[in-house]
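Take a look at these structures.
Paired with chain B in one complex and with chain C in the other, chain A is shared by the two complexes that follow.
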Partner chain A sequence: MKLEKRLVLTGRDALKISIFSIIATLVVFSILLIWAGVNPIEAYREIFSYAYDPRFGLGLTIRRGMFLLFATLAFILPLRAGIWNVGVEGQFYLGTVGAFWVGYTLSDLPSETLIPLMLIVGALCGAGFGAITGYLKGKLNVDEIVLAIMLNNIAYWLIHFLIVGGPWMGAAESVSRPLPVSAWAPMIGEVPSTTLIALAISVFLYFLLTKFTVGYQIRTLGSSSAAARYAGMSPLKISLFVMAVGGAIAGLAAYHLWAGDPGFHMIPKPQTYKQQGDLTYYGIVCGLLCVLNPLAAIPTATFISGMTVGSTALIRRLGLGFGIDFTLLGILFLSLAAFQFFYQYRIVRRKKEGEVI
Partner chain B sequence: MWPFVGKSLEMATLFMFAALGELLNQRSGVLNVGLEGLMLFGAASSFITATLTGNILLGFLVGMSVGGAVGFLHGYLSITLRVNQVVSGMAIWILAFGLTTYLANPFTGPLPRGVSSWRIGDLLSPLFFVGVGLVFVIWFILSKTHLGLRIRAVGEDPSVAEASGINVVRTRYLCVIVGGVLGGLSGAFLSLTYLGSWSHNPVAGRGWVSLALVFLSMWRPWLLFAGALVFGTIWQFALSPEIILPALGLPLQFYRMIPFAVTIVILVVISTERFRKRWGLAKPAALGLPYAKE
Partner chain C sequence: MSRKLQLKGSLAESALEGAKRGETILEMKGITKRFPGVVANDHIDFDIKGGEIHALVGENGAGKTTLMNILYGLLRPDEGEIYIRGKKVDFRSPLDSIEVGIGMVHQHRKLIPAHSALENIILGHPEAGKILNLRRAEAEVKKLCEKYGFKLDLNAKVWQLSAGEKQMVEIVKALYRGAKLLILDEPTSVLTPIETEKLMRALKAMAEDELAIIPFITHKLPIVLEVSDRVTVLRRGKVVACLSTKDATMPSLARSMVGRDVAFKVERVEVQKGGQILEVEDLSALSDKGVPALRGVSFSVRQGEIFGIAGIAGNGQHELAEVLMGLRKVERGKLIFEGKDITNSSILERWRMGIAYIPPERVEVGTVGDFSLVDNLALNYYFEPEFSRRGILDYRKIRERVEDAVSEFGVVCSSTDCEAKTLSGGNLQRLILARAILRRPRLLIANLPTHGLDVGGIEFVCNKLMELKKAMMGIVFISEDLDEIVAMSDRIAPVYEGKFVDIIPAENAKKEDIGAMMAGLRLK
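Coming up: the complex of A and B.
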């Protein structure tokens, strides 16, 4: 056995590495479970049987899976151009502001016009917010990670202002007014029809990145900003474009979540909307797991969603503490980081002197 | 008024510890965006220890050790395994977010009676002066000693440093571990002294602002000190604006946005070309790049 530098990383290699990092995560998580006094086999059975059972978690798994898909796609596109979009949380909040503003002010409109308007304005608000980061990154090379986290916090307090003591304050304490019924997302069973939008964007991004000039430009900027400049591409335009589109996708997630989940139909109290905002960070893990491939993002996001939905079952049924789902995600993220080592190196077995399989 | 000054200086102390550790990291070429996570780990472990043992000092020691261990973990991933440092740092942050919530949630509430940090005249923790001392020490090491020269060389061009006989790996490990200890100390100071209690996610963005502070300081310890004082005051003002401006009557949420908005404005200003050409030269050229001895 010996380490060898990898010359190319094929899609299959990357898939293998992702699967190994998931297995490693489940092993490490088992240790934590045993330490907490829970049988890991039972816990995993609990996770998967709850998450994929139509009587229990399946509806939520798909709804959340599509929410994660929006978040993942919003993360993938900018990173293809080398820009870390950790501002999905803030773009999602701004999408919330846009969608609810339309939902409240134009509530007399029929569903057929109201819902598309909410989606469009939500997407535009998200895009505008993302574009701030894109512009400053492209123009001045401001550190996009710190910048986006600051914007996330500002967006958090903006929603806080709107619903706690602000103009959208509802009857109950610290929640917004409910959305009018005409603004609710049409459902296909337990799943909102916005699911189709998420799937369509996956396909669209896949073709954009592989078949169109702009996709080629994005990938060039991602691998070398000098090369992109020499080839006459404008880093500023590309960076604006990817962040605005990423922000728009994150903005769409807001309507999907709030209007498509029968449990919401309003902005819940700060603690709860913050929890949903925190979920957007799962998009980073999903995006890295599927090696920034928009089509592979669909099964990845659904799988990760199942893990989070299932681990909330652990909290309830097996009495494990609050925070266990994010711990699972953290371990997955860390293991994925460690396994990235194999993006550059691979293990080869030595058969005979000089001959390598 | 005096309690406000004391609290502001304590907030500045927090920023000083965390940002100084990160500055040392970055001067050696390692970027740790998981600073928020380091602080969370330090805050939770020290709080749990102090609650269980009733010993504040032990709490601080555990917080610093855990910080050092997490710093080592980041070092292992980014120096030895050479993975993307942003991925590794983000992973540490997300893990800290989940694990500290899971472990420390049962301890939600104030420290037990009789367990509290000592303050000078009930106003200011003596650790503020430790922080000021540390600024001096780090400045002295970085600019006046052989060790500092080594650290800066490793951060500028590791292969040249290696060729001149410096052990790049060992120097970087030293910096990430010390940086981790300082991040843990900052977290411990937050939960044991500044807040004296635990609630969900107590760091609340301070780690990210500390990371920004390192950029804003342009990697100079004394500018970092000045920045920490300014941000400590701004953050404290955002928490309790009524002490300074009783009559303004803006909604509370707008004050809470101020530290983040100010950070953005300063980040943008220092990123302008004029500014960068004149002042930004201290940025370690190899920052964030993995180093492989070929």
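Coming up: the complex of A and C.
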């Protein structure tokens, strides 16, 4: 057995590596479970049966999975052009502002026009917010991560201003007015129909990146900015494009979440909407895990969502201490990160052991 | 010497310590390394004795770099063994080979630009690990430099140094770490003639001192003959000759490298020149560091003319090429292409108008390493309506074009879907050239198109350029090689410190005069 530098990483290799990292997570977490006096096999059965059972967590798993999918896609596209979109959270907040503004001011419109308008305005707000980063990155080569962190903060406080004592304040303290019923997302069972939009965007981005001339330019800029310039591509236009489209996708996530989850239909109190905003960061994990492939993002986001939902079963059903769910997620993410080592190297087995000292 | 440096720790047990002149210190036996689609090294045997300069020559892609990377521990062979003074070794990383006493100086320099020369030299030294004793290190390094005649300002930052000085830093660094066997990757490729001379003297002095040296060289065969004791020639991953230098001649070496006789001369074609295609007026531009690099250059190029620009690296010719293509901003002056003012046109507009550019940075600028050859070809075509319909790339057309490029220009690759980073430098250059030429541009700016290529590659590129001249293309040809520029150009402009010293018609051009002008001595 020895390590060797990998020359190419195929999609199949990436999948194998991901599966191994998940197995490693389960093994490591078993130690904790045994220490806590729980049979690991039973615990894992509980986790998976809770997350994927239609009677329990399946609805939430898919809803959150699609929310993560929006976040993942909003992260993937800019990174294919070499830009780290850490601003998905802020773009999601801006999408929230856009969608709710339409929902409140045009509440007399019938659902068939109101809902598309909410989606479009939400997407446009997210796109505009993303474009700020895209412009400054493309024009002045400003660090997109620092910029995004500041913008995220601004967007957080914008919503805070609107709902805590602001114009959108609802009956209860620190939550917004509820959305009119006509603005609620049509449901397919427990799942909002915006799921279809998320899936369609995955497919669209896949073709955009592999077949379209724009996608080719994005990939070129992402792989070598010097070569992109030599070939006459405009880094500014490409940065603007990917950040605007990424922002738009993040903006769509807002309608999906607030209007598509029967538990919301409004903007909840700051602590809660911040929790949802924090979830968008799982998009980074998903994006890296599916090696920036928009189609592979679908199962990846659904799986990660299932883990976040299923891990709560440890508390609900097995009565383990609070925080054990995040421990599991933490181990999973660490393991996924650690196994990225094998994107660079692979283990080669030698037949003749004597050859190797 | 190295004992006088009072090195302690692992270096003291360096396996190559105390090797005597003439003793076989290293043997590589049956080394084989395969990469997807190619056998880079095919059962190679190689050995070196103490105090010997053993040149490794071969074309680009012959397997020299792979072999030396294996020796240095950067790569592991699929088959074969390495013996140091008769003892078998297994290098898992360069740490192992450094410990044995092997040092390597890379073609792509691996220094930290913001640190001083001295800091770079002691970086990674076992004794520099905990507490820096800069003063003692400086004294030791100084002694080392004096011994071999390296003139280095140890406190200068690396980014301030010339290419030749950076190389010295790397050599001194390897010696300071106690290297007894030095591998030099293309040591003369970035050096001026004077620097080359100095390096040769230093290498001989080191060999006197019982160090073994393996320089590997693609195209500067005279250097091999001048400096080495033995030569090993590689071709397509195999050893085709291993002989004592005194038995070798230039033609015989070239023949074994390429596998056939090589004409060192280009077949010159003369054509009736056409109309003026490019006019440059009083052009000025800044370098990357923001200082004036190009300072008022005027010239014109006609159809069917090769306009040669001869200069030592760093005299503004690179900036000139970039300004012509729009990759660099014009500070002052005017550019006129086919009667149109293009001073402020974008890069893309220039491609579309019929200007093409061959960049000297094949790997960083000319190609995308992670892309397949198909995607790399698209770099010069994605914007053409013929290849991109309604925003969708027509990969069928692009594939047809890449097949043409590969067959017509003899690009050696396992398939057109392989990644560009698996291609050797010469093959990459063929691809870049093919891509640009198949666009049928009317003006070609070729910036160091033969740089670092092997004899076969240079011959190929030069003959292609001659063909284009025959097809009435206007060509701006930038080169550092005097022979080449005199053989190729219709008019020659030696460039020095951002200005043309003169513009000389080829029939009056004397190599010695141009050489002197490149060095800044004005002759009339």
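By definition in this document, the second predicted complex is superposed on the first by the 331 of 357 C-alpha atoms of A that agree within 3 Å, B and C clash if a C-alpha of one lies under 4 Å from a C-alpha of the other, contacts with A are read in each partner's own complex, and residues count from 1 in each chain.
Just so it is clear, contacts are C-beta pairs under 8 Å (C-beta built on N, C-alpha and C of every residue); 3 or more make two chains touch, one makes a residue touch a chain.
Bear in mind that the values here come from a model prediction, so they are computed numbers and not experimental data.
*Asks:* Which one hits more chain A residues, chain B or chain C?
*Replies:* So, of the two partners, B touches more residues of chain A.
*Asks:* So in the superposed three-chain picture, is A:P110 touching just chain B, just chain C, both, or none of them (first/second/both/neither)?
*Replies:* Neither chain B nor chain C is touched by A:P110.
*Asks:* Touching A:G37, do we find chain B (first), chain C (second), both, or neither?
*Replies:* Neither partner.
*Asks:* Applying the touch criterion given at the start, work out whether A:G189 contacts chain B, chain C, both or neither, answering first, second, both or neither.
*Replies:* In the superposed model, A:G189 contacts neither chain B nor chain C.
*Asks:* Touching A:M150 in the superposition: chain B (first), chain C (second), both, neither?
*Replies:* first
*Asks:* Is A:G232 touching the first partner chain B, the second partner chain C, both, or neither of them?
*Replies:* Second partner only, chain C.
*Asks:* In the overlay, answer first, second, both or neither for which of chain B and chain C A:T327 touches.
*Replies:* Only chain B; A:T327 stays clear of chain C.
*Asks:* Based on the superposed arrangement, let me know which partner A:E4 touches: chain B (first), chain C (second), both, or neither?
*Replies:* A:E4 sits against chain C, while chain B stays out of touch.
*Asks:* So which bits of chain A does chain B touch that chain C touches too?
*Replies:* Shared contact residues on chain A: none.
*Asks:* Mind listing the chain A positions that touch chain B in their complex?
*Replies:* 84, 86, 136, 140-143, 145-147, 149-151, 153-154, 157-158, 160-161, 164-166, 278, 281, 284-285, 288, 321-331, 333-334, 336-338, 340-341, 343-344
*Asks:* Using the touch definition up top, name the residues of chain C that touch chain A in the complex.
*Replies:* Per the stated touch rule, the residues are 35-36, 75-76, 90, 327, 346-351, 357, 359, 361, 364-371, 375, 378-380, 382-383, 388, 391-393, 395, 419, 422.
*Asks:* Could you pull out which chain B residues touch chain A in their complex?
*Replies:* Residue list for chain B touching chain A: 33, 77, 81-84, 86-88, 90-92, 94-103, 105-106, 205, 208-209, 211-212, 215, 251, 253-254, 256-257, 260-261, 263-264, 267-268, 271-273.
*Asks:* Considering the complex alone, what residue numbers of chain A touch chain C?
*Replies:* Residue positions touching the partner: 2, 4-5, 7-8, 211-214, 216-217, 219-220, 223-224, 226-227, 229-234, 356-357.
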